[in-house]
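Structures incoming, each one as structure tokens.
The two complexes that follow have subunit A in common; it is paired with subunit B in the first and with subunit C in the second.
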Partner chain A sequence: MPNVKPEMRVIFVVILSLFAAFLFLPLLILFARSFEDEQGISIANYMSIWSDRNMIEASFNSLKVSAAAAFISTILGFMLAYAIHCTNMYRPLKSVLKTAIVVPMLLPTITYGFAIIYSLGNQGLLTKLAGRSLFDIYGFNGLLIGYVIYTLPSAFLLLHNAFQSVDKKFIIVSKLMGDGTLRSFANTILRPLIGTLGGAFVLSFILSFTDFGIPASLGGAYPVVATQLYQVMLGSIPDFNQGAVIAVLMLVPAMFGIWLLKRLERLNFHYDKLADTELPRHRIRDAAFGFISIATVLGMLSVFAVMFIAPWLTAFPYDLTFTLKHVISTFQSSDLTRVYVNSLFVALLTALFGTLIAYSAAILNVRTSLMGRSALDIVSMISNTVPGMVLGISYLLLFNGSSLKGTFAILVICNMMHFFTTPYLMAKNALSRMNPSWETTGELLGDSWFNTVWRVILPNSASTVIEMASYFFINAMVTVSGIIFLVSAQTSVVASKIKELQHFGKFNEIFVISLLIFFTNLIIKLLCDYLQKRRTVN
Partner chain B sequence: MSHILKLQNISKHFDGKTILDNISFEIGTGEIVSLLGPSGSGKTTLLNIILGLTQMDQGKIIFHQSDLTHVPMRKRGFNIVFQDYALFPNLNAYDNIVYGQRNNKESASPQQIQEYIEFLELKPHLQKKIGELSGGQKQRVALARTLVTNPKILLLDEPLSALDGVIKESIKQRIQSIAREFKLTTIIVTHDPEEALTISDKILIINQGKISQFGAPQEIVHQPSNDFVDQFIIKQLHIKRQNIYNLFGEQYA
Partner chain C sequence: MKKTLKCVLLTLLTISLAIAATGCGKSEADAKKVVIYTNGDEEAVQAMKTSLTNSGFEGQYVLHSLGTSELGGKLLAEGKNIEADLITMSSYFIESSQNKHAMFKELSFETDALETHPSFYAPILSITGTTFVNTELLEQKGLPRPTSIADLTKPEFKGLVSIPDIMHSSTGWLLIQAIISEYGEESGKAILHDLITNAGPHLESSGSGPIKKIQAGEVAAGFGLRHQAVAARATGIPIDFVDPIEGNFSLTESIAVVNKDNETTDLAMKMAEAILKGARKDLIVNYPVALYKGETIDQVDKPAYPKGFAKPLTVELLQEHQQFFNTSKSGN
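And now, the complex of A and B:
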């Protein structure tokens, strides 16, 4: 590792100050506000919140539906990952499934709710196809479906990665040792994955518990914590102190969850070396898992199908004649096109600055011997813990009176702070695997540290940088929970506009701009995949 | 012979453990010196201290009468070939070689660079990516890249250990002739006694952070100054000799 240079210290201080100002300080204010009332400092807010029956019910509902969704997502995610890694299913089918399963990640969660209403509601597409109403979607069932769709891709990706590092040779070894099917499965698959399975459950739970988009579109009569929080902050009688209390209470399960995730990581196995292994043939296994995974992915996609159909029909589901009028009117509405441009602008800036900060932080953390560099890991952990809604509310409390209020800057900063962890870990992973002597070599060859980073480190991690930027972009495009509290009439972005359109019952417009988000993200994703491929081929 | 580099009472601790204990020796201009010792004896640490990458806890480094102890790595003007070469995979062989050229006024002229390339027989490989080079080719590219900066002292960390048989011998000869032809003072880290004895003018044997013996190959072979040198250096060579003798017969012994 190179000796510490002054420029490293400067960047370190800049990054830490950013987090101090836009992560720690807002959270601190949030805590302070939650203890504030007319009399001064007290825990009165915490007491009074429980006198509200709605709040108790909402907490209970949130726990219940999030846990149920997490359970289902973990099971389904496991079965899908198993189908991809441990069956001799037709290969192209595996890659189709792998791609299709992450499609929901390209859409804001607030869209899911409308897709569910239009698919499974009384007049919904799937309801019509089934010929009868399947179940009541306004409440537990609808939320459950929405949360499962939302968390399944994350749970799947987690398990998929874990499966990649499980040595399948042991399946053969276990067979040779005479283990029965169940015992073999328990020893070679379940045991190595138990930590990740727990991790998938916890992650899905936190995501569901803190999501705002799905209950915002579906909730209605079924209160959950997220909708309560929104009501208290932006409802008819806003009460910021009460809001602060709910936000703090939302932070508690998230903190507990992150702590649990850390604990669960320790259960994971680490195999030294992975050999490619031929799997034993097993027709029934392959057919069963093939069927389950296809059904899961198709079921998930069918919910979104309506989104691609409804905007082209005159008045779905009553008048099914083809028309372009919704699409045209959406594009003609200067309001909506401006909102789209705003979204692009925010997403691009988030991608640019977010990548810059996360990459710099990762370099300082793994490629220098800077004192206190592990502070960046702590920052990353905190950022990972704070739900978007909580961050948004903290910003609202701290910056409401400042000149940052209602600017694009605050949206970009909020996104950068909120989505910091994943790209930071991506960069750390890539940077720590590169030769530790490059900077020293560059220095001995006369380069400044910046020069070596620019000429050597960056080109050798270009593929990771692209992936980071794509992550920031897509998430900035779909996020609702944080920015819903921060947008102004001038800075309105697509995902928050949907909430407004819902208010006026403009569902066709909602679908058209959802499609716009979807295709924008799809293009970015494909472009980044292509660029990454090109980098690795070279 | 004039002494170009003097190390005086160098000590280094890591986490309270003594890694180098009171190391002192002197190197003459244009000499090849090997640092020989078993794994973990502190060879790389000593090399990095000379380079300026690692700070020592005590001691002094004198180069040409001037005290280098507090001079940072870059100002010392030494250069190293790391054990894993640390070549830049985003650049081809040629761009690696000339990487440092634009940064330093003292670095090699274009003719000189051509000379190095020819001498190291790298002409046919210049346009190759690093991943396409063999171990020996990588070694030579790394050597050329380092030579281009015209280092005042050349440091090599286990330059031969990743190479096999024939290539090892040819690189060994090249390192020797570079040191001779360009009058380049060279310090080589190795754990192989045979390598040390055949390549160097002087050998510094380190064991557990202390100097076991410092002298010319002849001295070490004929007057091992203690048990360690006798047991671990000379014994190994005898075993080798015995093996060859068993294979080929009397005249090789």
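And now, the complex of A and C:
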């Protein structure tokens, strides 16, 4: 590792102060406000919240529906990952499934709710196909479907990655040793994956528990913590101290979850070396898993089908003649184009500065011997723990009177802090795998540290950088929960505009701009995949 | 590959800078734009936009729609620091936030309103509450035609009534006002309790919820906005309105200018005048209540039992009535 240079210290200090100002301080203020009341400092706010029947009901509902969704997502995610890794399903089908399952990630969660209403509601597309109303979607069922669609891609990706490091040779060994199907499954699949399965459950639970978009569009008569929080902060009688209490209460399960994730990591174990093993033929297994995975992915995507159909029809579901008028009128409204440009602006800046910061932080941590550099890991852990709504409220409390209020800057900063962890870990992972002596070699050849980073390190991690930028961009495009408290009329972005359109029940507009977000993200995703692929080929 | 990366980085940077440049240029222009916050329905918003366009203000304003409770919360919490320069909102909220923050500017123009109003706002529309029924469903279920809100608490209406929730909807308040005025708080509580029980899952957070349920044939009777029922009946579907003997109560929504003492405030004042002069002819079609001299409405739009609440409508009174609603809901 190179000696510590002054420029490293400068970058380190800049990054740490950014996190101090925009992550620690807001959270501190949030805690302080939650203990504040008219008489001074007390726990009265915490006591009074439990006298509110709605709040107790909401907490219970949130726990119940999030746990159910996490359970289903973990099982489905596991079956899909199993189908891809441990069956001899038709290969192209595997890659189609892998791509299709992450599609929901390109859409804001607030869209999910509306897609569910128009698919499974009384007049919905799927209801019409089925000929009758399947079940009541406003409440537990609707939220459950929404949360499962929302968390399944994440749960799947986690398990998919874990499966890649499971040695399938042992499946065959176990068979040869005469193990029964169950025993073999338990020892060669379940045991190596138990930690990740737990992780997938916890992650899905936290995501569901803290999401705002789905209950905002579907909740209605079924209160959950996220909608209660919104009402207390932006309802007819706003009570910021009460809001701070609910935000802290929302933080608690998230903190517990992250702690649990750390513990679960210890259950993971690593094979010495992975052998690429051909699995024995088993037609029934392949057919069964092929059917299950196709059904799951189709079921998931069918909910979104309406979004691609409704805007092109005159008055779905009553008048089904083709028309362009909704799309044209949406694009003609200067309002929406302005909001779309705002969104692109925020997402691009988030991608640019977010990648810059996450990458620098990772370099400092992995490739320098800077004192106190492990502080960056702590920062990343905190950022990972804080739900978007909690961060948004902290910003509202801290920056409400300041000149940052209602600016694009605050949206970009909020996104950067909110989505820091994943790109940071991507960069750390890539950077730690590189030869540690490059900087020293560069120095001996007379290059400055910056030069080495720019000419050697960066080009060698280009594919990771592209992936990081794409992660920041897509998440900034779809996030609702983080920014819902921070947008103003002039900085309104597409995802928050949907909330406004909901007020009028303008579903066609909602779907048109959802499609706009979807295709923008799709283009960015394909572009980044293409660039990454080209790099690996070279 | 190094080239690829550099290209990507440079493109990203250029695009961001380009957008930043246009964005900044825009935000400077935006700084002079008037920000309008409104709780109005789609028809009201359209009428306002049309009047602003006709007066040549197109492109000089940003209009942002919010729910009544959201906008109310912002007014009370932020006062003059609110982003908006011009608002249209339920009058009682404007009065309460003026009492709390003294945040509105005296209107610089005269109005010839039928009823007097404070000088810092002027009414732009009025909504009136009534009960309505789905005549076909009444017949089908063999139910008598109700004449009062109290009729809807009868056991035979169980699960067949839809009412708006005062916690989220100002239409819900019109219902509570009628009940309290007619029966007082004591017996009113029992009536409201039975009504909520009968409504069950049809307690709607939106004021337009009940009329939609009536149209869909999910319930036989409901409470909501009178003009919506009149309009629904005119389309030929089996819907009729029944002015309840407890009274038709009304709420006005008004326009007010936030006093920020700058050029935008002056421009906002001009827009307020333009909306008031230009939008009324459209607004009275959708919200048929005469508010200004010279306005006329059809006989069908005149409610049978127009009444006003005895106390002045304020946010504090709303909170009292919300409390009343909540205790009636849980009380036995």
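Note that the second predicted complex is superposed on the first by the 538 of 538 C-alpha atoms of A that agree within 3 Å, B and C clash if a C-alpha of one lies under 4 Å from a C-alpha of the other, contacts with A are read in each partner's own complex, and residues count from 1 in each chain.
Note that in this section contacts are C-beta pairs under 8 Å (C-beta built on N, C-alpha and C of every residue); 3 or more make two chains touch, one makes a residue touch a chain.
Not measured: the values here are computed from a predicted model.
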Exercise for review: Would you mind checking whether subunit B and subunit C clash or fit side by side on subunit A after the superposition?
Suggested key: fit
Review point. In the superposed arrangement, which partner chain does A:S488 touch: subunit B (first), subunit C (second), both, or neither?
Key: second
Exercise for review: Would you check which partner chain A:G178 touches, where first means subunit B only, second means subunit C only, and both and neither mean what they say?
Suggested key: neither
Review point. What is the contact status of A:G40 with respect to subunit B (first) and subunit C (second): first, second, both, or neither?
Key: neither
Practice item. Examine A:G446 and indicate which partner it touches, taking first as subunit B and second as subunit C; both and neither are also allowed. Key: first
Check your understanding: On subunit A, which partner touches more residues: subunit B or subunit C?
Key -> C
Revision key, fill the gap. Rounded to the nearest 10 degrees, the Cα-centre angle subunit B-subunit A-subunit C in the superposed arrangement comes to 150
Review point. Between subunit B (first) and subunit C (second), which does A:N3 come into contact with in this model arrangement: first, second, both, or neither?
Key: first
Practice item. Would you sort A:L349 into first (subunit B), second (subunit C), both or neither based on which partner it touches? Key: second
Check your understanding: With the two structures laid over each other on chain A, which partner does A:W438 touch: subunit B (first), subunit C (second), both, or neither?
Key -> first
**Study point:** After fitting on chain A: smallest Cα gap, subunit B-subunit C, Å
**Key:** 7
Review point. For subunit A, what residues appear in both contact lists, the one with subunit B and the one with subunit C?
Key: 455, 459
Review point. Which subunit B residues qualify as touching subunit A in the complex?
Key: 51, 53, 72-74, 78-80, 82, 84, 86, 88-91, 99-100, 102-104, 107, 145-146, 149
Point to revise | subunit A to subunit B touching residues, read off their complex | key: 3, 435, 437-438, 440-447, 451, 455-456, 459-460
Exercise for review: Would you pull the subunit A residues touching subunit C in the complex into a rising list?
Suggested key: 53, 122, 220-221, 231, 233-238, 240, 334-335, 341-342, 344-345, 348-349, 351-352, 400-401, 406, 408, 455, 458-459, 462, 465-466, 469, 488-490, 492, 500, 503-504, 506, 531, 534-535, 538
**Study point:** Complex interface listing, subunit C residues touching subunit A
**Key:** 1-2, 4-5, 8, 12-13, 15-16, 19-20, 22-23, 27, 30, 33, 35, 37, 41-42, 59, 62-70, 72-74, 76-78, 81, 83-84, 201, 203, 205, 216, 315, 318-319, 330
